[in-house]
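In what follows, chain A forms one complex with chain B and a second complex with chain C.
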Partner chain A sequence: MTTPSRAESALRVVIGTIATFVIGALLLVLTGHNPVFAFAAMFRGAFGSIVAFASTVDKAVPIGLCAIGISLAYRGGLWNIGAEGQFYFGAFAAAGFGLSLPENVPHALGIAGVVACGLAGGAAWAAIAAAAKVWLRVNEVLSTLMLNYVAILWVDYLVSGPWADPVTFSFPYSPELPDAARLPAPIAGIDLGAVITLLAAAALYAVDRGMRWGYELRVAGDAPRAAAYGGIRASAVTASALVAAGALAGLAGAIEVAGTTGRLQSGLSPGYGFIGILVAWLARSSPLGIIAGSVVYAGLLNGGFSLQVSGVPSAIGTVLQAVLLVCILTTFSLGRYRLRFGAAVGEAP
Partner chain B sequence: MMTAGEPLVRLERLSKRFGQSLANDQVSISVPHGKVVAVVGENGAGKTTAMNLLAGLYMPDSGRIYVRGELLRPGSPRDSVRAGIGMVHQHFKLVDTMTGLDNISLAVDRGQILRRRRTSPAIDALMREVGFSFDLDVYVWQMTLAARQQLEILRALLSAGTHLLILDEPTSVLSALESAELFGRLRRITATGRSVVLISHKLKEVLEIADEVVVMRAGRVVHAGPIGSVTLFELGRLIVGDRLFGTGRPPPQRPGRPVLRLDHVRVANDLGLPAVEDVSLEVRAGELVAIAGVSGNGQTELMEAIGGIRELRGGSIAKPHQQRHRGFAYIPSQHLGTALAPNLSIAENAILGRHRSNPFRWWLRRRDVDSFARAAIERFDAKAQARQPVRQLSGGNLQRVILGRELAEDPELIVASYPTRGLDVASAAQIRNVLVDHAAAGAAVLVASEELEESFSIANRILVMHRGRIVGEYRSDSPELANIGRLMTTGVAS
Partner chain C sequence: MTLPRLLPTTARILLAGAALGASLAVADADEIKAAFIYSGPVGTPGWTNQQDLGRRCLAADGVKTAFVDKVPENADVLPVERDFLGQGYNVIFADGFGYQPFTQQLAKQNPDKFFVGVAPNIAPAPNIVDLYGKLWDGRYLTGLIAGTMTKSNTIGFVAAEPIPTVIAGINAFTLGVRAVNPKAKIKLLWTLSWFDPPAEKQAAVSLVQAGADVVAQHQDSPGPVQGASSNGAWAIGSESDLTSFAPDKYLTGTVWNWCPLYRGVIASIRDHTFKPGMKYGGLDDGTVALAPLNKAVPASVRELIDKRRAEIAAGKFDYWKGPLKDNQGKVVVAEGHTISGPADIGHMNWLVDGVVGSIPRGK
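Then we have the complex of A and B:
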């Protein structure tokens, strides 16, 4: 099997996207809506104004960080389904740090602490699954998936009980983080979260391009016996990749509470960790593809919200997310075949 | 229904091109009813390609296939199966997590048999008729390679009533005894009027079992005729053409200091059962030692323990080290998945095991990786590109890349497990010569081999292994072949 060239890959993405629009339009027509009108509303909601675009970038950041982590673990042959939970646990750790900050802490120290706690929280949550994998041979798909619910419910408990904000009454919110623990507003239009995400993508590129750790990870993921043969401790290397994936998702959680919501709250993520799995799949491990895919999926999320304003169910946005995945994966699988036209050789005359 | 003299299957001027290489060039082969036709040739001569065309797995570029005089639709595995053509591939195509019966059911009636949970009279009758001896209720992953092969053959015979059975290198995974049993079964299969096509490298067994022989070289058929028409020597000549190759000679006998020493080594197999029991041996610098034995007597496990990829249950092994890592060449019997990571490039595989020593640091520089890759490819003329995924290489080229990597720094110890298994005559000779040359240059070499003649042609000493123990030691200049044969199969010398 040959790997497709860049041009071939791009062509497949374009064809898949067109197919998505066609299927989406059909769905809209069948449900009695005007597809042109709906698509225009989605586009406006996602990229139509500076405010809309900034909001899309805000959502692309957690999706991208989760997807980069998921791709990283996948290089070691591990499926991290738990980015959502790691996101929540990172957000919990960052919020806990922020809420317990004394007054008059320097801003730089506050931000550094929030980021470090996010990384550590996500890493710790993934480490549970990594340890179970290494010592008890527990399948990481199950452990990471189930740890999601634990983390989400843990945060729900905190914001409706011990950490509930006395001011917001019945809303499941924590109090606002102090200013020292907040990410700065975009400087000259550059969002700190976006910068961090691009740096993470660059790091993923470096892992592929020549880092020895990345090499050992690929060998361990492809053939554990070959890793043992080559003196690589496969379980340690792949476990470290899963922990790093958790750290990235946790970082996304920290950025969310410190940059976007300003507080820990129930329903903090509309499924960033799960969308990250889709994006990682679609991007086929490429860091650039992950960046592009995150922006597109963030756009679909935002566009879905603005659909509702136009009287079209926002679920159409979610449907399009799934259709896009199916269409692009299908074009890539079908792209492996070649059609032959004309009579087959040897056919009876 | 058929004209007299019309063969069962006739390939007519089949051609198939893969990229730059013409794998089959106007190949014409006839398979008569009730005969064993051997297709012989080097790796890459186009034998398997021709049979994959017949099985409908590849679409020919040109040419026709007739079954009982009727034109076969090309490139359709379903039509080929319906026409009664069954193929047993070199790498078995079985579902490991299913039982033998499940696998047959999957191929024959898509799971209908499963409802009955037991074998049908047809299967029982066929098993008796052909003389199969294995348990259908065992999971495939628990079966020996010989049993898996029987299962493949049984499945092929059962699906759509196969009239032509194609076997690709069937004896490469079998011991001498198992091969003899296989040939007995093939005889019974042809006695029922079915025909067999046997792809093989091993000329002696071809002469023993085949009725007709087809020789292929570089994609073409260079000889076809009854087996009696050629001698072993002529056959060898036809296969390799005008090239010359040595048959190997042991290195000169002047052993130096011991490089590898095993003391009372015990090792378990994958199922946790004892595979190696109390083996002590020593290999000295400048000597080549061969471990002979019927395969499955613990040789593979022993070599894996020496190579460091299987834990010891007891005893100790003294071997060269390099910064707590393996400091010697190790060529395992399994290439893909053990010595090589299949989906990584050749360049990446060329540094496996070397990636923690000079010049490599935390960052693997492209330039350094490429120079390792070039060395590994060029040392033994592997036909390969550095950026190619390693799984795309043929068996001989895989072995050349591994040897190129492992012998790059002239190691003081070489441990090779079945280094010539499945290779064609010329490649096998090249690899034997390399091992002998290194021993002559002062390296200690330990080889596991299943071909006694090979062991005698290259080794100074031969250790015979039986049921996990070393049961005899011979010098290659005092051949007692009959005795060794008895020792290998019974563990007792006369």
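Then we have the complex of A and C:
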């Protein structure tokens, strides 16, 4: 299978998007809703105003960071199903740092600490699965998946026990982080997370194009024995990619607590780590595609709520997301085939 | 789909479009448009559905309303509230406790709009009021029924999360039970989840197996009612009228009726008497009500319930009056003292004598 050119990819996305609109419109008409109203409402909720756009970008940040990490691990042939848990563990580490800050800490130091703790927390959580992979040959799909639940329950425990805010009547919230640990939102309410995500995408591009580590990672992922022959320590390289993936997801968690919620809470993520897997697939792991895909997917999520604001049931919004996914994946899969007309069945090629 | 079936649909869409255009034309700048945001699903019995009945009550009064359901109690609520505000909605009912910190952010940015949440209030602003009901008063009444109906003197209680309002309900229920049946014990099980139907049902089944012949609940699903009734025990529900889930074994249950509080908020905005803070309804205004009683409930108990309901509503009867001991034997309300309303309830962290069980996570 050859990698499609950029033009071919773009064409497939366009065809897939058009198919989504056609199928979506059909579904809406069948359920008695005006498709023009519905699509307009979705667009309004996703990109219709500066505040809507800022909300969408805020949501695209965690999705994008998780997807970049997942793609990175996938370069090395590893499936990181654990971005959700790494997100939570990064959020936990960042919140722990923020909550223990003394007063009058410089803002820059606070932010640097939150970001570093998010990276370290996510990396540490992924390192468990990476170590199990390297030394015990534990399948990373299972280990990363299972560790999700551990991390989510760990945060649940903290916010309803040791870190519970005494004034929230047992609602699972930590106290608010001090201002020094909060991410500034300089442009139209869009916080620094957007910049960090773009930097991460650029780093993924650099891994693909220039870095030796990126080359080793791809060789180790595609052909471990060839990698060994070439003097590449395949298991160490791929394990480091999984740890880096965890760091990015953990960073997303740190940005969520420091930029959006301002505190650790249960139910912090509406499944960003899992949506990241979808976006990584939709984008076929390309950095530019991930940025576009995460903004579109975040828009679909926000737009889905706006559908309801306009009176269309929430289920329709979910169905439209699924239709988009199926259409794009289908156009990419079918794009591998060439249609030939006129050749009889059974004729020799 | 055939063409003849499509045509009416198309016609309806066109009509809806025309109606929208017409309503925009007559829209008044001061008109109240109330938006509702729910954490659970609309349409199945439970917490969210009762709130939606409150919304429909406003809609029946002629208030323009809209809703979005299944919004997680995290930052996801922000874009939803912003979109409603952008669409001209000027009263936002963010009907989940966990929305409060996010609602507060937007309330501060939109001082000319009104925001309504679920009490107790942890994130105040001059344009936020949080609502709740003195649910425990209703639980006391259901306790009177449970205490009368039990033969085994063992009553089960399936509870969600160990937060003060739930704990107060368990204690009030127990005080009701013991008022008519001092020998009865209340076996308490926690599911540690608001909505987990299989776990709730299983909890009820295991309580019946442990000897309970009446099972009460503070949960969002009819799971405990189903689990108890299918094993021959009486059931006492919560949130919605659950009669249809066990017509023979459902004794009654507390039912939320948000209509009076919602109407009060809208009226206060209309006549410029809006007060921020907290507002509690109760048996007096009907915010907390009981579902129709099972015909097996004897007339004497019905009379007692009517009497107590009227007395509690009028503030003439106080079941919290000391001395009260917790289930460790420690005096928690001394002789001559009582629990004075929601402020005290908000710190309740003990289980009253008669409850077999404990509060998890030691808070």
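The rule we apply is simple: the second predicted complex is superposed on the first by the 334 of 349 C-alpha atoms of A that agree within 3 Å, B and C clash if a C-alpha of one lies under 4 Å from a C-alpha of the other, contacts with A are read in each partner's own complex, and residues count from 1 in each chain.
Note that contacts are C-beta pairs under 8 Å (C-beta built on N, C-alpha and C of every residue); 3 or more make two chains touch, one makes a residue touch a chain.
The model shown is predicted, which means the values in this text are computed figures rather than measured ones.
Asks: Should A:G299 be classified as contacting the first partner (chain B), the second (chain C), both, or neither?
Replies: After superposition on chain A, A:G299 lies in contact with neither partner.
Asks: Thinking of the overlay built on chain A, is A:G45 touched by chain B (first), by chain C (second), by both, or by neither?
Replies: Second partner only, chain C.
Asks: Please indicate which partner A:F171 is in contact with in the superposed arrangement: first for chain B, second for chain C, both, or neither.
Replies: A:F171: touches chain C, not chain B.
Asks: Based on the superposed arrangement, let me know which partner A:Q265 touches: chain B (first), chain C (second), both, or neither?
Replies: Only chain C is touched by A:Q265; chain B is not.
Asks: Count the residues of chain A touched by chain B and by chain C, then name the partner with the higher count.
Replies: Of the two chains, more chain A residues are contacted by C.
Asks: For A:G16, using the defined touch cut-off, is the partner it touches chain B, chain C, both, or neither? Pick first, second, both or neither.
Replies: In the superposed model, A:G16 contacts neither chain B nor chain C.
Asks: Touching A:G118 in the superposition: chain B (first), chain C (second), both, neither?
Replies: It touches nothing on chain B or chain C.
Asks: Go through the superposed model and pick first if A:S55 touches only chain B, second if only chain C, both, or neither.
Replies: Only chain C; A:S55 stays clear of chain B.
Asks: Thinking of the overlay built on chain A, is A:G98 touched by chain B (first), by chain C (second), by both, or by neither?
Replies: A:G98: touches no partner chain.
Asks: Where on chain A is chain B touching in the complex?
Replies: Those residues of chain A that touch chain B are 210-213, 215-216, 218-219, 222-223, 225-231, 340, 344-348.
Asks: For the complex, give me every residue of chain A touching chain C.
Replies: Checking each residue of chain A against chain C gives 29-30, 32-34, 37, 44-45, 48-49, 51-52, 55-56, 58-59, 160-161, 164-165, 167-171, 173, 176, 256, 260-263, 265, 267-270, 301-302, 305-306, 308-311, 314.
Asks: In the complex formed with chain A, which residues of chain B make contact?
Replies: Interface residues on chain B, with respect to chain A: 59-65, 71-75, 307-309, 325-326, 330, 332, 334, 336-344, 348, 351-353, 355-356, 360-366.
Asks: Which residues of chain C touch chain A in the complex?
Replies: Result: residues 1, 6, 9-10, 12-13, 16-17, 35, 66-76, 78-80, 82-84, 86-87, 97-98, 101-102, 120, 122, 161-165, 346, 361-363 of chain C touch chain A.
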